[in-house]
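Some notes on the structure that comes next.
Letters A, B, C and D mark the chains in the order given here, with residues in each chain numbered from 1 onward.
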């Protein structure tokens, strides 16, 4: 898929997620890797109304070090760009990262400590996890939940340390407590599939408590 | 109704169910019997985005033994085809089977054991059950809930054994635990009516707990 | 408003209520009094898909005794016509009655006994009750909740007895337990306003429990 | 933004909020300051169906003393105009005030006493509060919740006393118990952003209880 088509597809998801109330009040950020260069990704600019996003409301960032490579006048990269940068640099096969705020991800309270940094939280073995490509019967899975530092690069560093010491999570997403899920996938379509499954999963977890 | 019209009607339901978040992340599968041959049914192909399903995204399967009779290149039958096959073969009057993933069907926990295979679960005698054609006052009804084997043909066999030993359920649906409801009806419209009633019922059951 | 316009307005509400999942699986029935004759009302025919209702899917019934006065071939009056007939005959100013099935009205359990027939249930003094035209500060209001007899005319008689012995309820609606609310208003617009307020109220009651 | 464009933008929000069930049964009122005169604001007329509001369904009110300055025949100012007047007069930078009825704001019970008048209620330090322009890590914030007097000017006076003695709240909204939130912002877009964040916040508070 060429870059323009990718940005149009992400823009369409932005409108859809806004209508689902996952991107209220400018919340969330969506990105796609540039398939031609592979070393750049495009992420939603900061402060945009996600129900009215246009396919020109993206800025270009370096996968290697997060440098801003290109931005239309007046556009600033999302405050959470550093998290996307870590995910693209740690997983060369990932083509898209999607981060939204869902109610259920904010209802779940894990009490992850600031020093602790992250915690592995068990997830129930329901059918929907097959959407993550995991076909074991009643698998014992966990998801990593990170502390929500105000300084976003600190969260990004924490995630980078997790990937380099613990490894890539078995599930294609992570959670930041009191904030929301970030998912990834080989393509935008796969990332969207993962996000819908994550939403279903978090709804079940939040309501079963 | 001719086959093309039937497939168009099922496709429309797929889009509707996706918008209701019942078919998130490629979840669910819908089928209709071919009214002319009666010995074949058409089921959604595996892995399709249910909000973007086309009326050509179906494959043709034998009611008798589940053999794949016809499929456009690149299309594979849904992983749960064997369950639909059992339902069509056990109930000659059934013209459509619909299976979706709803949140409430995943909130309800029954603890059905793997060896046990299934359990009869009481359902509350609320007005909506009249949609199933049951008009008794405050009837004592149950629904069969099956264990969610990873190997789908094992679930299908369990259901077949239920139908041949216990009989056809009084309610036009069954549940697979941690997975979702499967409903049936003489026509697509009737199956849809049953599914809407089942959703209402499961919402009540999940919230009353 | 002439009859055709009234039926078109009710039809539009039917589609809206279906999309809100208040008229799933053919549930519910809507009616409007004929403003010219005043002695007749038009009610949705039985068994129709409420999301696809047409303005010709209504039958004409006598306010005085519930006699079917006119119906297109193939149309039968709703099973709950007798309840509408009681409401129109007891309240000459009422121009429209709306009955739907909402989830929250089914979550609330009052345990009204069959012999008992009905019970007065307190409702919380929240702002939305001003939509009923009640402006007292923190009023102590109740709503009548009736037993859900399978024989609908028995419910209708119970309601008639309530109106003739207790009087017209202060709130413009009643509830049938495990079934749903029935509201009324001088016009279709007012009845709709009342229904939206009742839905808000029942949601609060069901969630506060 | 000129006045016509502002009224069109508010009208669009009215339709959107109605579809979200935040303005059921004529509930709620929306207003915008006239940017040219700065001493006038326009507020929705009383009793209108918020899903069918037109950009001519507004009346003009004096910021200084709440006098009705201009209204098309048949239009009365919203019953809660006095609250908007206090907010515009106390905060010269505010360009729009939005008041809606949300379910969650009615699920939360604080027991604010009539004599007491208001109470400061703690809000959880979740990510969405950054939408209010507050970037502290895990801040200890409160929101003012007022008693719902039937006489609206009494509420307005209570709010005015709060602003002149306690000061402008750190968060851009207040709550009236059993009623709903009122938010403000420099522009209509900012007020809308605040309202979406408030809705998210109140959902979390109502469900975590």
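Heads up, the rule we're going with is that a residue touches a chain if its C-beta (ideal position, glycine included) is under 8 Å from a C-beta of that chain, and two chains touch if they have at least 3 such contacts.
This structure is a prediction, so every number in the text was calculated from the model and none was measured.
Visitor: Would you pick out the chains that touch chain A and also touch chain B?
Guide: none
Visitor: Please tell me whether the contact surfaces of chain B and chain C are same or different in residue numbering, using the over-half criterion.
Guide: Copies use mostly different positions to touch.
Visitor: Between chain A and chain C, what distance separates the C-alpha centroids? Give it in angstrom.
Guide: Comparing mean C-alpha positions, chain C is 46 Å from chain A.
Visitor: Using the average of all C-alpha atoms in each chain as its centre, how far is it in Å between chain C and chain D?
Guide: 33
Visitor: Send over the residues of chain B in touch with two or more other chains.
Guide: none
Visitor: Which chain A residues qualify as touching chain D in the complex?
Guide: Contact set of chain A toward chain D: 21, 24-27, 49, 101, 103, 106-107, 109, 148-150, 176, 178-180, 206.
Visitor: Given the complex with chain C, which residues does chain B contribute to the contact?
Guide: Those in contact with chain C are residues 124-128, 131, 135-137, 189, 193-194, 196-197, 199-200, 203-204, 207-208.
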